[in-house]
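Here the chain labels run A, B, C and D in written order, and each chain numbers its own residues starting at 1.
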Amino acid sequence: MTEPHVSARPAPPPGPARRPALLAGVPARRETSVAGALLVSVLAASLLVDGFATGRNAGFLILDVAAVALIALPMTLVIVTGEIDLSVASTLGLTSAVLGRLWLAGLALELIVPLCLLLGALLGLMNGLLVTVARLPSLAVTIGTMALYRGLAYVVLGDRAVADFPFSWTGGAVAALPGTPVPWVALLIAGLAAAFGVLLHATAFGRSLFAIGSNADAAAFAGIPVLRAKLWLFVATGAMAALAGVFWTMQYGSARADNATGLELSVVAAVLLGGVSIFGGVGALPGVLAGVLLLGTIRNALQLADVPSDTLTVVTGLLLIVSVVVPNLLARAREHRRRRRSAPAGPG
Amino acid sequence: MADPSPPVPPPLALVEVAKSFGTVRALRGVSLQLRAGEVHALVGENGAGKSTLVKTIAGVHRPDTGRVEVDGTPVEFAGPADAQRAGVAVIYQEPLLFPDLSVAENIFMGRQPLRRFRRIDRWALRERTRALFTRLGVRIDPDRPARGLSIADQQLVEIAKALSRDARVLVMDEPTAALSGVEVRRLFAVARSLRDSGAAVLFISHRFDEVFALCDRITVLRDGGHVSTDPAADLDADTLVRRMVGRDLGDLFPRRTTEPGDVLLEVEGLSRAGVFTGIGFSVRAGEIVALAGLVGAGRSEVVRAVFGVDRYDTGTVRVAGRRLPRGRPAAAMAAGLALVPEDRRQQGLVMELSVRRNATLTLRRALSRYGLLLGSAERAAAREWTERLRVKAGALDDAVSTLSGGNQQKVVLAKWLATGPRVLIVDEPTRGIDVGTKAEVHRLLADLAGRGLAVLMVSSELPEVLGMADRVLVMHEGRLAAELPRGAATEESVLRAATGREAGVAA
Amino acid sequence: MLRSPHRAGLAGALAALLLATACGGGTTRESAEEAGGPEATAVADPDAEIPEGLQVAFLPKQLNNPYFTVADAGGEEAVGEFGGEFKEVGPSEATASSQVSYINTLSQQDNDVIVTAANDPNAVCGALNQARQAGASVVTFDSDTDPECRDVFVNQASAAGIAETLVRLTSERIGGSGQIAILSATPNATNQNAWIELMERELEKEEYAGIELVTIAYGNDDDQKSFQETQGLLRSYPDLAGIISPTTVGVAAAARYLSGSEYRGEVALTGLGTPNQMREFVEDGTVESFALWNPADLGYLAAWAGAALAAGQITGEAGETFEAGRLGEYEVGADGEVVLGPPTVFTADNIDDFDF
Amino acid sequence: MSVRTGGPEAPVHRARGARAARRARGIRELGVLLALALLVAGTALVNPAFLSAQSVRDLLLGATLLCVLAVGQTLVIVTRNVDLSVGSVLGLSAFATGSLFVTFPGLPIPVAALAGVLVGAGCGLVNGTLVTVARVPALVVTLGTLYVFRGVDHWWAAGRQINAADMPREFLDLGRLGLAGIPLPALVAAAVVLATGWYLASYRSGRELYAIGSDPAAARLSGIPVDRRVLAAFVVNGALAGLAGVLYAARFGTLDANAGLGLELQVVAAAVVGGVAIFGGSGTVFGAAVGAVLLTTIGSALAVLRVDPFWQQAVVGLLILVAIGMDRLLAARSARRLRVADAVGGDGRPGPAGGRGEQRRSTS
């Protein structure tokens, strides 16, 4: 029981000097199995599905999951603190509608886009204030703002679609990196994922988020500004949802109030699939990225294999349930076995 | 155990019951008979296994080995419902109430009186609750929700709940901790009448006067093992203490002589509406000051407000002369204040996180370099402090929940000592930890005070208060009732001030 | 062209945000450059053979929409006739974004012909153009996209024909005067708006002077919403004499509401509906007549148009002609439009001749 | 989500005096009722036709489905769970009912209706089992089954649509006819509300649902069969969603695989607006039902007032926020009042701030 050398798990393989240190912050549990599942499904799809393993298809895949990925990043942090934000898709829609409206009004996109991001941050701030200052449960708050923001989107733009954006933007949004089939947005996502990953796993702030999610009381007793941290996360989520809104609008070249309706459930599903506990305190950003890509890969592969969309829906749901049920049952079985083993064998 | 088994099998007996939680062995082969018509006391230090024993009787825990017998027949309680059906009623240390439901419903949950078609008879529900409260001599509206009841009232509702079951075996786990003298006397009258009607009562308390006043036999537990069971008449308090502690008291509390230095913590006129009023005191460098009082007197609330976890309405808190802003634990920490909270599992630790993460939770900023918090720095800091405090842990990356209570408490202490505090506030520092670790914690506190820290200690254990403190502050109902220097602090004087029977030196 | 690194726009925006600089003359609406689709440079060869095994994929607005199920069945019939391979794919929710995903998949699978009904005229544009660059022929039906993004649009009926028919049916029913309202789908549905505009123009004619169009309501092609909107119309306009609903969902919901209310037979309802959905309302007198093209024919024609494109018989230029199986010869009109024909009017007399 | 307190700064105790508490609870439901009355009165002032017999019938009919679903949802939410799959369950059950008529044209109506309810109960059983046996958070389970049930529905329907003509006239009439001017489905909904409300208030197992939501750990220690009760709540909720599916089939006559799409959040919203605490333990089905009527009435009122229908959703969102905000405000105010009152007078006991059992509870 008293090991003289209290050492870390043997997980990180020897590599460049700073890698293990960074990786050490990433607990290796659920997320490794998600990454494994991703790897397996990519391999299986490459072997079994015609047209999957091409650069062009990879590009399509990335564009398909781009918006979900962008929002899943801050959502991971929010859920790690034990809160949730269901208003993200509506924030995306409202951003898109405002973008369209301002464009109709003749503003320059270079001005509109920052305004939209600011708007997203403000919408997030509203969620955050309701949760932290008014102390309302985030689930209820964001169900409310989900309806409110989507409603405002319709108020702003009605049922119209604004579509006459310059090609340099709409085409640019889906453009690939020179000489590769990879859309440049992949780089943006990777960069932001790295930023959020470092923030969550390798900074004091990130550390405090896990503490908040596991036990907000203990976190407060440790001097962590619980409410302020949550507030910032909601702001960041709003801003990222707005960024996704701008991207979405340009990707499809169409600003509409109903853009991305229902996307919040996809985002939450991807985050949970990635191993984040809905009760907070547990989760890792790489797992979430794997979760996003896993959902995208399965969708893409099944579509290419001409599997009808209803099957896709079922698979998405089953995946989500199985990803939580199986580890749960395994853990309980392990616990059960451990208890039965340890019980009779206690030293006198 | 000398006395022979009575001819009638006892309504409830434990036979060689053992129970472990992970590496912690909470009970090691304990046997206990609760006879009809007796009040049986169970005493032991915190962490001796009393609560585990109670939960085994209640059907919450199943013994790893050994068995529970009802009327001489072995039974297996699959859950609390089974135990209840067997006639066991338990009053837990922590009231288990449903805050959203009415008091009456709380008492009769699952056993509400029924009318035709198995409908709940509200009128009878209310009347029976009234009758119970009359019997206990308390006035609580049966229709009010449990949310917002004071601790004492919650305790009374729990007692009423147990009474309502007409139990053959009634277990009371520290029922008097929050009660006033009158209420205690009434409770005893009820317990005696139950006994006289043939029930077996198991009574757990830290207050020896109560134990001797009420109980027929006394069982002592220590470190999860059975020490003795004797008729109360054959025992005295000193013997009991010796058996509970397993050594002389003197060993527990290190002797120290330090000259108090400058005032490091100064609290003036601290009030929070409905919680505490006009609290003022100071703690000097090198001094250990105890804050004593009954459960619910507001002690923890005061130190929480001082540290900034709770807000307060008026008053000031100064650390080394500098005034702290309200409600900002981070600022308090920066000023050199540390608080080891009362509830280790809920407030002191993040149970799901590793030892390493917990030990460095207070050092997040200090350990960051260029904004990045690297695992290596974290590990080094964690190792340093866990080694200094001799934390027994499998690996630093193990979840802190796998440690024993004592080692968990050391992790909490490590986490706070790592911040290099000037004022250390400890709230119930030895609750629920074994005797050995307890002594270690006491030595550590003495040592820290010797090195010039100001220590403010909230404790409900009188021996600890008397053994450790240079001065004792006693709180009663949200006010400071007395300030007693070491010489004047005795069990009696502290208790008297804590129960409000006599004002001491007003603070 | 699409793949070229035109990412200056978004990247620039991010930079602008980072530097927190407001910008002066940037990309505004006025300075927006026009996006161009792939140029159609090929020359039509009316006598070209339709190749064997042509892969034709139908991508409706959504699966599980009975209207499209019928239309796609028509497409399958046509594809069988010219010996191609038919398949039907689509999202379960009628959103442009999931349609884009399917278009990408189809182009990845190198399908020869994509026949689609767009959920958003612009959102699917980029993906369709990419598919065309990859060699697919794109036919839209029912709901067109921006003409830049497809080769041919098979129009169910000329907009003017629909507008004229619906206004005439209503006028006959209400005796040439009274208040009427339109219950549409969504305000940005291209075809709906075109029809509404033409209906408004039609109503300006002398013969309809007594008819006043009081409002346009939108039921979002959602049954319950359309139902509620119908209620709302009758509440707000107690003197309403007639409702025109040029959408199958809307007209069925409105009919169901009317048939169960005190307004049955009082308020004239007509619109575009399918015989199967409307049969009981025609029988119970709620609806006297309504119109629609035959969606099976629409799908059938769209498939043939796709085949003609793939074979090179047409390129989408006005004036080109092609054979469309049992429907005979069709001519491509302006903007690459092919019109199916005038709508069929259904009444109690002929409704039992149709089953779709 | 945060089943735990938002922050420990003030371990808020919704302490109330008995009368204050009862009043507050009454006030909450009265408040929704009042809002509804104001809305109806205001709309009627502008357009008296809003109160015509036909219009009231339409209102009741419109609220029926949401009402039935909100009642079921209340059962689940009260136990500190949630069921997001109800929209999909409704769709599945509606299509099942319709297909039965298509497959067995002569089928007696009660049999088909019962089958629809059973389909719903089966879905509820799946949810409940996953929640209680596999111990997966209800939010995750039902988010998953939201997809699964809808997918099954799509797969089954396979692009088909069931039309009014496929179902017996008498069945469709159930959706339209009524007794004394009140539509039959509305009567069914009212019966469901009354029966469920009565059950929750008057039966032991009903009260135990509140106990479970109020403090699951204490409920276990009190010997309440928590898992069995929660399972039952899910099954009943499923059955009610099934019933809503049957009513949907009767009322709309046209069935495809998209019936009830996206309804789940409206249902939760109706319950929340009606004063059901999202983290369990309190709220009544009457409140939830009034919440449902209020939400649907807003839709109709805006249509009647010719308010830009685009405002509807925004108004609903605002209403939800106001509703939970009011809950919070009422609770905080009575807590403060009691804290001060306790300190000043009475038996002089300090407030319950040290109550450990309380601290973990949500302050929702």
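Points worth noting:
By definition in this document, a contact is a pair of C-beta atoms (placed from the backbone, for glycine too) under 8 Å apart; a residue touches a chain by one contact, two chains touch by 3 or more.
Given the structure is predicted, the values throughout are model-derived calculations rather than measurements.
Greatest centre-to-centre distance from subunit B is found for C, with centres as Cα means. With C-D and A-D as the two chain pairs, more C-beta contacts join A-D.
The centroid of the Cα atoms in subunit A and the matching centroid in subunit C are 36 Å apart.
Remark: subunit A and subunit D have CA centroids separated by 29 Å (rounded to whole angstrom). Mean C-alpha positions place subunit A and subunit B at a centre distance of 42 Å. Chain contacts: subunit C has residues 63, 92-93, 218 touching two or more partner chains.
Among all residues of subunit D, those that touch two or more other chains are 8-9, 150, 154, 158, 257, 359-360. Residue positions 309, 343, 346-347 of subunit B are each in touch with at least two other chains.
All chain pairs in contact, by the document's touch criterion: A-B, A-C, A-D, B-D, C-D.
Touching subunit D in their complex are the following residues of subunit C: 63-66, 68-69, 92-93, 215, 217-218, 223-224, 227-229, 231-233, 235-236, 238, 252-253, 256, 260-262, 276-277, 279-280. Every residue of subunit D that touches subunit B in the complex is listed here, in rising order: 8-11, 13-18, 21-22, 201-204, 207-208, 210-211, 213-215, 217-225, 277, 281-282, 335-336, 338-343, 348-361. Subunit D meets subunit A in the complex at residues 1-9, 12, 130, 134-137, 139-141, 143-155, 158, 257, 262, 265, 268-269, 272, 278-279, 308, 310-321, 324-325, 328, 359-360, 362-364. By the touch rule above, subunit B contacts subunit D in their complex via residues 58, 60, 79-81, 83-84, 92, 94-101, 105, 109-112, 114, 118-120, 141, 143-145, 147-154, 272-277, 295-298, 300-301, 309-311, 327, 343, 346-347, 477-478.
Contact residues on subunit A toward subunit D in their complex (touch as defined above): 79, 82-84, 86, 130-132, 134-141, 143-152, 154-155, 158-159, 215-217, 220-221, 226-227, 230, 257, 261-262, 265, 268-269, 272, 278-280, 308-321, 324-325, 328-329, 332.
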